[in-house]
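Below, subunit A partners subunit B and then partners subunit C, in two separate complexes.
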Partner chain A sequence: MLSTKERLNAEVTVRTKALVSAKPILSKRRVDSLLTVAVTAIIAVTALFLLFPVVVTVLMAFDARDYIGPFPPTELSTRWFGKLLEDTYIWAGFKTSLLLAAATTAAAAAIGALAALAISWMSPRWRDFVTTMFLSPLVLPGVIIGFGLLMFFAAFNQVPVFLKLFAGHLIITLPFTIRMTLVGLAGISQTLREAALSLGANERQVFFTITLPLAKNGIAAGAIFAFATSMDDVAVSLFMSDFQTYTLPLALTTLIKSSFDLTIAAAAVALMGLTIVLLIVLDRVLGLERAMGHGTNRIR
Partner chain B sequence: MKSARYKLLLLLPAVAVFVLFLVFPILIVLNESFHTFEPGRIGSVEGGPLTLANYAELFQPVYGQYFAQTYVLAICSSAVSIVFAFPIAYCIARAEFAWMQKASISAIVGLMFLSSLVRVYALELTFGSTGVLAPLMSIMDINTNSRLYINFVILAGLLQYCIPMSILILIGAIKNLNPRLTEAALSLGAPALAAHLTVTIPLSIRGIVSAFLVSMTLGVSAFVIPLILGRGRILFISNLIYSRFSEIANYPSGAAISIVMMVLALLLILVMSRLATSLERA
Partner chain C sequence: MNVLELKDVTKKYGSFTAVENVSLELEPGKVLSLLGPSGCGKTTTLRIIAGFAVPDGGTVQIAGEDVGQLKPYERNVGLLFQDYALFPHMTVAQNVAYGMRYRGAPAAAIPSRIKQMLSLVQLGGMEARYPNQLSGGQQQRVALARALATDPKVVLLDEPLSALDAKLRLELRIELKEILRSVGATTIVVTHDQEEALSLGDEVVIMHAGGIVQRGAPTQIYQSPANKFVAEFVGRSNWFQVIRSGQSVAGFTSYITSDGVEIRAKSPPSGYNGGSDLCVRPEHIELIDSAAPEALRGAEHNSMTGVVLDVASLGPDVHVVVELPGKARVLAIRKNAGRIQGLAPGQCVRAVFSAADVLVF
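Right, the complex of A and B next:
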C-alpha cells in the first residue's frame, strides 16, 4: 500500500516538474482563475438546468389561468389541485399504485432480507457470483422484462392484472432490497456476534438480538428504494395493465401524451411531496450518503 | 455452523421469483424470436419451423437507424454528463463545510428519487412545443417541431437522470482519492488545471468509467423519456419493442429485437469493465 503511494507521489512530482518547466503561455494565476470561473459556470448552468423545469412545474401547478400561458403565471390559485382531487382517472391509478407498491415492498423486503442473509453466510467467491445474478434486473431494460412476462403469463388462463403487475414489480424491486440488506449486514462487526456467542448465547438468540436489530436499517432502506421504484415504473407495468387496472405512472403517461391540462402539474407537485417524505425517512433510517453509495444504479 | 440446507431454504423464495419471473420469461422471448410471424395473429405459430428471419430482418437499414438513434444519444448524454458532473462532484467531495456537502448531496438524491414522469413532464412543460420556453424559442428562430430540436429535448431528458447519478458516483470516487496527491502537484507549482488533468482525473478513472457505464445503461434502455419527449417521431429501441407488441402484435420480431438489445447491453458492461481494469493498470 505504502509503496504504491510513494510511487504515485514520485510520479506526480515528475509529471508536475515536466509541466512547470514547459514555457507557460498564460501566467499560472491567469489559468487558475479561468478554471475557477469555468467551474463556477458549470455549477450554475447545471443547477439551472436541473432545477428550472421543477420550478416551472411547481409554479404552473398554481397557475390561475385556463390555458398554458406565458411564464411566470400572473395569478396564483389552487384550482388545479381541486381538479386533481376530483379526477377519478388519476385517483384510480393512484390507489392501484399505492396498493401495488405496498404489497411489492412488503414481499420484496421479506424475500430480499432472507436471501441477503443467506448470501452473507456464503464464501466470498459464491457471494460475489450470487449477488451479481440477483442484481441483474438492474441492467436489463425494463421493456424486455415486461415483454417476457407478458408472454409468460399468456401461457396461463386469465391471470388477474394486479397479480401480473405484482410479479413484474417484484422482480425489479428485489435487487434493491437484497443489496441494501447486504449493506446493512456488512456494517455489523463480527466481534459483536462472537462476543454474544462467547457469553453463552446460541445462534438463534444471536440472530434475533444482535443481527436482526442491526440489519433493520438496511432492510428499511431497501424497502424505501423498492417503494420508490414500484411507484415510478412504466416500462414493465405497461405490458401488464389493462384499461381497468392501471398504475399512476401509466395514467400520467396517457394524460401527458393526450392533454395539456395543468392537473398533471398538480399531480406532479403531489408526487414531489411524496418524494420528500421518502427522502426524509431514508435519511433517518440509513443516512442519505450511505444509502446512495450503494444504491445509485436506479436504471429505470 | 449453518447447514447448507438452511442457507438454501432462505434463498429459495428469491430464487423462485427469479426463475419464474425472469429466467422463464427471457427463455420464452428467446424461443419466440426463432418463430415465424403470421400477420393478423397474436404471437407466433406453435410448432412451426424455426427460423432466423427475425434476426436477418434487423440488418435492414431502417432498424440500423433505431439502434444508431438510441446509441448516439446515449453516448452523447453519458459524455456530457461526465464533463459536467466531474467538477461538481469534485467541489462537493472537497467542500469546506460538512453542511454544504450534506445539503448538495440531499438535493441530488432528491432529484434522483423524483418520479421519472414528474421530470419528463417538467421538461415537456418547459421545452415542449407549447411549453413556457416556446415563445423564447420562436424569438431565437428555433423550430420546436424539427427532428433536431426533439433530439435535443430527449438529450435533456437523459441528462436529467445521468448528471445527478454521475455526480453521486464520482463523489464516491473522488473521496477515495488521497487529496495530498493533487495538493503535492499544486505545491510543486503546477497550474490547477494541469494538476487535475494529470493527477486527479487519471486517479479517478475507475469512477469515471463506472459513471459512464451507468449513464450508458440508463440511456440505451430509456423508455419513458423518448416515449413522451420523442412525440412519436423519435423512437428508441425500447419503444420499438413496445410498438411491436401494441401496434402490430408481431411478437417474434419484438422478441428478436429484445434479444439483440439485451446482448448489446451485456456486451457493453463487459467491455466497459474490462476497460476500467486495463485503464487502472496503465
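Right, the complex of A and C next:
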C-alpha cells in the first residue's frame, strides 16, 4: 500500500525536476563563482584590518627615532624596551594589573562556576531570568559600572584602592566565567549524572567525580576570558584607582597623554608576548585533556 | 520469591497521569520486556524502579524491601542507558570500577572483578581505552559490564539496541541475551521496538496510556493479542471494519465489512453489539493463481480474487499488496520462494486465508 504511494511520489518528483531543468539559467554558475571570490576578498580584507594595528604597534616598538614619527620606522632598535625595563611607573601598573587579574580570575572562576551550577539546577523560567541578570554587566558600559561603584564606595570611608579595583573587575569578569561554565555544563548529558547515581554515588560524589571534571574546560575557558578582560579594562579601573594604585592600561593611557615616546608600544608588545606564552601554556594543559577525553563532554 | 514487585504504582505529572495502577512482579533470573509506544508510561515505570521518580501511590519492592522512597544510590539497581552514558573522562576500567567503588566493594577485589566483567562482555585488554576510542557496540558492552559489576538485584535496560545499526543489533541481541542468562540477572527491558521486546523477553508486558494491557510470552502476545491495540501495535496486520454479521456455521460467522467484502471468522465474543474489527496477519494470506479451482471453499476458509498493486522483494520476504473487491487493500507477506516470482502488478490473484487465522475484536 505504502510502497505504491512512494513510487508515485518518486515519479512526480522526477517529472517536476525535468520541468525545472528544461529552462536552464546560464548565469547561475557564474553568480556562484563571483560570490565565492567576493566572500574570499571580504575575509582577506577583514583579516588585514584586524592585524594592521598589531603590525603597526610591533614595528613602531622597534623604531629607533626618539619621537613618534610617521609609519613605517626608518631605523630599528630595541631602545624602547630598555626604557620600558627602567620605567618604574609602568612596572608599578603592571604589577598591580597582574596581581589584580590573578585575584579577579580566581574569584570569578570560583564564584562563576558555583553560580552557573546553581543556575543549571533552576527551573527554566528562573534560569533565563537569573542568567540575564548575571550577564547584564556585558551590555552595561564600563563607565556606568565604574561611576556606580564610585558612588557606592563613597558611602564608606577609606576602602583600599586594590579592593575597589577587585570589586569592579569581579563585576565585569563574572559574566564570562558564568557563561562559559554554563556552556560547559550544558554539554554534560543528564544520563551521565543518573548513571553515576544508579551506580551508588550520592549527589556530592557525582558532583566531584562527574560534573566538575567535565565542566573543567568551560570553567578554564571562562577564566581565560576573565583574565584577559581584567588585564585590558580601562573604564572601570579609571573610577576605582588613585595616583598610587593604578593598572597597566591606565598607566599606558596616562603616558600617551603626557609623553610622546614609544615606551607604550614596547609595553604593548611585551604584553602581547606574555599573552601568547600564557595561551600556549593553557592550550598545552587543556589540549592534553582534550586529546584524552576528546571534547570531554560527550562521547560522540 | 519475587525479586521485584510493583503494586498499584501510580505517578502523576501535574494533571497528566504517566502511570496508573501498574502492578508487576518478576521472578529471579527472568527477563521481562516492557513494550509500548512513546508516552505509554514504560519509561516512567523504569524511572520509578530505578529511583529517579517517586511514585504518588502504590509500593515498589526489591528483594522484599520497600524501596519506593529510597534514592537511586540507596538501592542496588543496574541501569543500561540508551546512550550508554559512559563517563567520557574515565577509562573503560574506571567506568566499570565506578559502581564498585561507591557500592563499597573491597579495594583489593576491584581489579579482578574488572577483569572478570570485561571478559564476560568480551572486551579483555580494553581496560585503558577511553569511551570515544570504542565503537558503538563496544561502548554498549562496557555500559553493560559497568551495570552488572555491582551485582545488582534488578537490571534495567532502556532501549538497549536502538542506537545500533541493524546488523550489529542482531549480533548484540543474541550476545546480550547470553550474558544476562549467564549471570542470572533479573532484567527489565524497556523499549518501543517490538523486535527488541519480543526477542529479549521471556515475557512481554504491553503498556498503553499508563497501564498494562497484556502480559504474556512473546508468541502468545503475537498470536492472541488481548485487544485491538495490541494486535495493531505488535506485528503487521490487515484490518477490516465490520458493518454487520451474517449467519454462523460451525463456530464460524460471516461478516460483511465496510468495503463490502464477506469474511468468515470465528464467531463473535459474547456481548457482541454489531460492530467490530477483523484482523488478518499478512503471513496468513496465501496468494494463488486466480484461475485455480476454488478448492479451499468452505465455512472455515476465505477466498477472494484481487489485483496485485505492488510487489516489494525484501530479502527473505516478499511484500505483496493486493486490492480486493470494494477497494480494500491487503498486505500479504510470502517467503521469497520460487513460485512467487511470477507475481507482478496488475495480475489477478486469489487471496486465501483460514477463518481461524482471523482475529475478531
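Going forward, the second predicted complex is superposed on the first by the 224 of 300 C-alpha atoms of A that agree within 3 Å, B and C clash if a C-alpha of one lies under 4 Å from a C-alpha of the other, contacts with A are read in each partner's own complex, and residues count from 1 in each chain.
Keep in mind that, in the parts below, a residue touches a chain if its C-beta (ideal position, glycine included) is under 8 Å from a C-beta of that chain, and two chains touch if they have at least 3 such contacts.
This structure is a prediction, so every number in the text was calculated from the model and none was measured.
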Answer with first, second, both or neither: which of subunit B and subunit C does A:Asp283 touch in the superposed model?
first
Considering only the touch criterion stated at the top, classify A:Ala167 as touching first (subunit B), second (subunit C), both, or neither.
first
Which partner chains sit in contact with A:Ala201 here, subunit B, subunit C, both or neither? Use first/second/both/neither.
second
Check the residue A:Leu214 against both partner chains and state whether it touches subunit B (first), subunit C (second), both, or neither.
second
Now for A:Pro124: first (subunit B), second (subunit C), both, or neither, which partner does it touch?
neither
A:Leu192 in the overlay: touching subunit B, subunit C, both, or neither? Say first, second, both or neither.
second
Looking only at subunit A, is it subunit B or subunit C that touches more of its residues?
B
According to the stated criteria, A:Leu271 is in contact with first (subunit B), second (subunit C), both, or neither; which is it?
first
Footprint overlap on subunit A, comparing subunit B with subunit C
292-293, 296-300
Contacts from subunit A onto subunit C in the complex sit at residues 1, 3-4, 7, 189, 191-192, 194-202, 205, 209-210, 213-214, 292-300
Could you please specify the touching residues of subunit B with respect to subunit A in the complex?
1-2, 7-8, 10-11, 13-15, 17-18, 20-22, 24-26, 28-29, 32, 43, 84, 87-88, 91, 102, 105-106, 109-127, 130-133, 135, 156, 159-160, 163-165, 168-169, 172, 178, 181, 184-185, 188-195, 198-199, 203, 214, 217-218, 220-221, 223-224, 227-228, 237-238, 241-242, 245, 251, 254-255, 258, 261-262, 265-266, 269
Quick check: in the complex, which residue numbers of subunit C touch subunit A?
50-52, 71-73, 76-79, 81-89, 98-99, 101-104, 130-132, 139, 146-147, 150, 309-310, 312, 319, 321, 329, 331
Tell me, which parts of subunit A touch subunit B in their complex?
5, 8-9, 12-13, 15-17, 19-20, 24, 28, 31-32, 34-36, 38-39, 42-43, 45-46, 49-50, 52-54, 56-57, 60, 68, 70-71, 110-112, 114-115, 117-119, 121-122, 130, 133-134, 136-137, 139-145, 147-152, 154-155, 167-168, 170-171, 174, 178, 203, 228, 231-232, 234-235, 238-239, 249, 252-253, 256-257, 260, 264-265, 268, 271-272, 275-276, 278-279, 282-283, 288-289, 291-293, 296-300
